[in-house]
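Read through the structures below before going on.
Across the two complexes that follow, subunit A remains constant while its partner is subunit B and subsequently subunit C.
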Partner chain A sequence: MILQLALGIVTAIGGFIDVGAIATTALAGALFGYQLVWAVLVGTLCVILLTEMCGRLAAVSHHTLADAVRERLGIRYFAVPLFLEVVVDTMVLAAEIGGVAIALHLATGIDYRVFVIPAALALWSVLWFGNFSVVENGVAFLGLVAVSFVFGMWEMRPEWGDVARAAIPSLPSRDAAQYWFLAISIVGSVLQPFLLNFYASGAVEEKWKIKDLWMNRTVAVFGMSFGSLIAVGILVLAAVVIGPRGMHVDSFEQAVFTLVAPFGEWGLSLFVASLAVACFGAGADLSLNLAYLVSQGFGWNWSENLKPHEDARFALVYSFAILLAAAVVMFADPLKLTMVTMALNGAVAPFIVFPLLIVMNDKAYLRDQTNGLLTNVLTSVVILIAFVIAIVAIPLEVLGG
Partner chain B sequence: MVDPLPLVRDVLDKQIYDVNDAKVGKVDGIVLLPRKGRPPRVLAIESDIPCALGRVWRPLRRCAERLQEWIAPEIAGPTTIGFEHVVKSGIDVQVGIDAKRTNAFVWDAWLGHIVALIPGGKGRGEKGE
Partner chain C sequence: MGGLSDKLSRIFAPLEDLRASGLLGHPEMGTQLRAIVVLASSIALCGCKPASKRVDDALNSGGSWAATVKVVTEQWAQSRVSLRFVRTTLNTATNNLYRDAESIRSLDPAAAARLDRVKNAIEPVMAEVALNEPDRARDAAQAITSIIEPDPRLRSGYGEAGSARGR
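The block that comes next holds the complex of A and B.
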């Protein structure tokens, strides 16, 4: 039981850290010091609340979020989040494949485009030949290398009092548009809509039942909190190492210094491994989620534990998604793509969170496990935050992106 | 007196499972038979992507139908299950027939033949072994 719990927490950490979390927090730390720590915490609280609900939905009803939204609100509503999520997830997938390629570029010095096709092929192979356990646990365990950001933060001895004070939101003294753009990008990188349906689909794949609800809560709280600690580690390291040198994180080369300062020559290897594994793991999750979303939306047979010929439509969706994403990243700068897509993540969120609130109060799905008053109030606050982000994301993208 | 069945709430858009608990598709459409001077009779439920897309935006239906006919005209067409086979409805719809005897899995089978040609697409044992 403890092993299962540890596995769940490690997996949640793996799902939390990706190219978006690394890029947005490194940029935020370099430009605004510790000031945007609060944005990581806001995103984390939102994602804990929402993933717990998705896990509860799956454990009690054996339905995923996509299933329930289509069934409860009909195809006319479902078509909106389906379309938005397919577009945004494919762009984020492109950014993740780009992240793996950039990591290999940092290790070898060869142009990142050379590595895009091999990275995409490796990703596809893991999904095609592996099962859910290989994808989730295998990649997630390798992703623990990202804990080096936390050790690095400890090693650099930041002003802990200042870090703690940054947990309270504050107004910027300069570059307001860029500050708020980074704030919503950080929240968007943490509160990625794909995580919600992927988490619920994973719970169905692993056949969670009502007796597993305690595990769902523990994994959602501790897994996401540990993931958040890594994100704070990156932000603090960028604030301590990159900001004072007057450098800007306009490519991943500058972000490498976050680990070179505390670990010396090992820093580059640790950064390359962290970036590559985090992006690879998130890429696998995103590809699978695209296949889950479409298959569940149309009621097809789906499971990563089935051989591809047994659920051919499911397997072909993730195959095409990877192919398309690889083509996109060949022509777009991965860092710019990441920053754009993280803000868009926030913009898509309300279309997914709002129906979740409706489903979580439906006794037909949740029986006696429907949301309580406090959870409903908190979810309404998350929806409000998501709506504000959706409205300001595009203008801020133009002004401060 | 038989209990009324709210078709839109308890049938439309729900997941269909057959007698073997296999996923057949979603209820994308409900076929009604209009009757003079009497309420329409429910004939069948339909699982069909063009039908689903047509409910979102009518022109999408024709586009999806053309695409299906272009890819594999011999298998294009909706899966229709007589309403008398609907055993249970609620958050899912259970039908009392084996879906293998309908055309529900023709696209999975057709694509499965292509997928099986790719290494790892088919084979013995559990996936990931």
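The block that comes next holds the complex of A and C.
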């Protein structure tokens, strides 16, 4: 049982860090110092609440989020979040494949586009030939290399008092549009909508029951909190290493210095490994979630534990998604694509979260495990604020605010 | 005007077909889809930055690349990064500076020329890197930040908050 719990926490940590978390927190740290630590914490609080809900929904009702929303609100409503999530998830998947390719570019010096197709093929192979356990646990364990950002932060000895003060939201003294754009990008990178249906689908794949609810809570709280610590580590490292030297993060070459400063010659290898594994893991999760979402939405067979010929349409969806995402990243700058998609995550969140809240308050699904008032209010407030920031900050940032 | 209307009808024709097919469960679904298409098009149209913002962004990015070249050569001289990584970073810096300069050349030729000077100043650094001379590459890189200052916002905005007791 302890092993299962540890595995769950490690998986959650692995799922937390991806190209979005690395890019947004590094840029935020370089431009605004510690000031945006609060955005990581707000996103973490929200993702803890929401993943716990999705796990509870799966354990009690044996429904995934997509299943429950389609059943409770009808296909007419479900088509909207389905469309939005498919579009955004495909763009994020492109950014993750780009992240793997960029990591290989940093290691070899060869143009990242050369690695896009091999990275996509490797991702597809793991999904095609592996099962859910391989995808989740194998990649998640490798993802622990990202803990090097936490050790790096400790090694660099930042002003802990200043870091703690930045946990309280504050107004920017300059570049308001960029500040809020980065804030929503960080929240979007932590609170990625795909995590919700993926987490619920994983719980159904692993046949969680009511007796697993304590494990669900523990994994959600500790896994996401440890993941958040890594994101704070990246932000703090960028604040003490990149910004003061006059650098932005216009490219991942600049972000490498977050680990070169504390670890010297090992820094580049640790950064490359962290970026590659985190993006590969997130890419696998995203591809699976796209297949889960579409298959559950249309009532097809779905499971990563079935052979591809047993759920052919499920396998076809992730195969096509990976192909499309690889094509997108061949023609788009992976870092810019990442920043835009992370902000879009925040904008589409209400379309996915509010239906979840409706289901989570329905006794037909949750019996005596429905949400409390505090959870409903807290989640609604954070999601609405994130949505408003996204709607205001995205056009301001692109238009020059 | 009639031509434009025909073109728009043709663009939205697949949506109309989708709506008429009843595949989405209800004919009104087409209205929601159209709203999403309009929203997405608006976001895409927002991608046109004003000229002054584009010039500022390009110059700030240029300053950041100048600082990056300085830092990467310093780290190489201390054997903290590999020769291959230095080459990769200098190539990326050159490509970005070229792209940024081209993107603003018609808007502000003087600003574009400054970015060109930074890009040209990287060439002697690359020559020293090709000869595997870390100290000389570091010295050649020192001059670059005098052509273009690193983004002043980085130094003024959070000096104390971004400080560290360590390195």
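One rule holds in what follows: the second predicted complex is superposed on the first by the 390 of 401 C-alpha atoms of A that agree within 3 Å, B and C clash if a C-alpha of one lies under 4 Å from a C-alpha of the other, contacts with A are read in each partner's own complex, and residues count from 1 in each chain.
Throughout what follows, contacts are C-beta pairs under 8 Å (C-beta built on N, C-alpha and C of every residue); 3 or more make two chains touch, one makes a residue touch a chain.
No experiment lies behind these values; they were computed from the predicted model shown.
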| item | value |
| --- | --- |
| Subunit B versus subunit C as contact partner of A:67, first or second or both or neither | first |
| Partner chain(s) touched by A:76 [first = subunit B, second = subunit C, both, neither] | both |
| First, second, both or neither for A:235, with subunit B first and subunit C second | neither |
| First (subunit B), second (subunit C), both or neither touched by A:140 | neither |
| Subunit B versus subunit C as contact partner of A:255, first or second or both or neither | neither |
| First (subunit B), second (subunit C), both or neither touched by A:300 | first |
| Which superposed partner A:155 touches (first subunit B, second subunit C, both, neither) | second |
| Larger contact residue set on subunit A - subunit B or subunit C | C |
| Partner chain in contact with A:100 - subunit B first, subunit C second, else both or neither | neither |
| Overlap of the subunit B and subunit C footprints on subunit A, listed as residue numbers | 74-76, 79 |
| Subunit A partner contacts - residues on subunit B that touch it in the complex | 12-16, 22-26, 28, 47, 49, 52, 55-56, 90-91, 105, 107-108, 111-116, 118, 120-123, 126-128 |
| Residues on subunit A engaged by subunit C in the complex (per definition of touch) | 29-35, 74-76, 79-80, 83-84, 87, 105-106, 108-109, 155-159, 162, 166, 173-175, 239-241, 243-248, 250-251, 253-254, 256-257, 260-262, 264-265, 267-268, 394-395, 398-400 |
| Subunit A-facing residues of subunit C, complex | 24-26, 28-29, 32-33, 36, 40, 43, 46-50, 52-53, 60-61, 63-68, 70-72, 75, 78-82, 84-85, 87-89, 91-93, 96, 145, 149-151, 153-167 |
| Subunit B contact footprint on subunit A (complex, rising order) | 61, 63, 67, 70-71, 74-76, 78-79, 128-131, 133-134, 297-302, 304-313, 315-316, 364-365 |
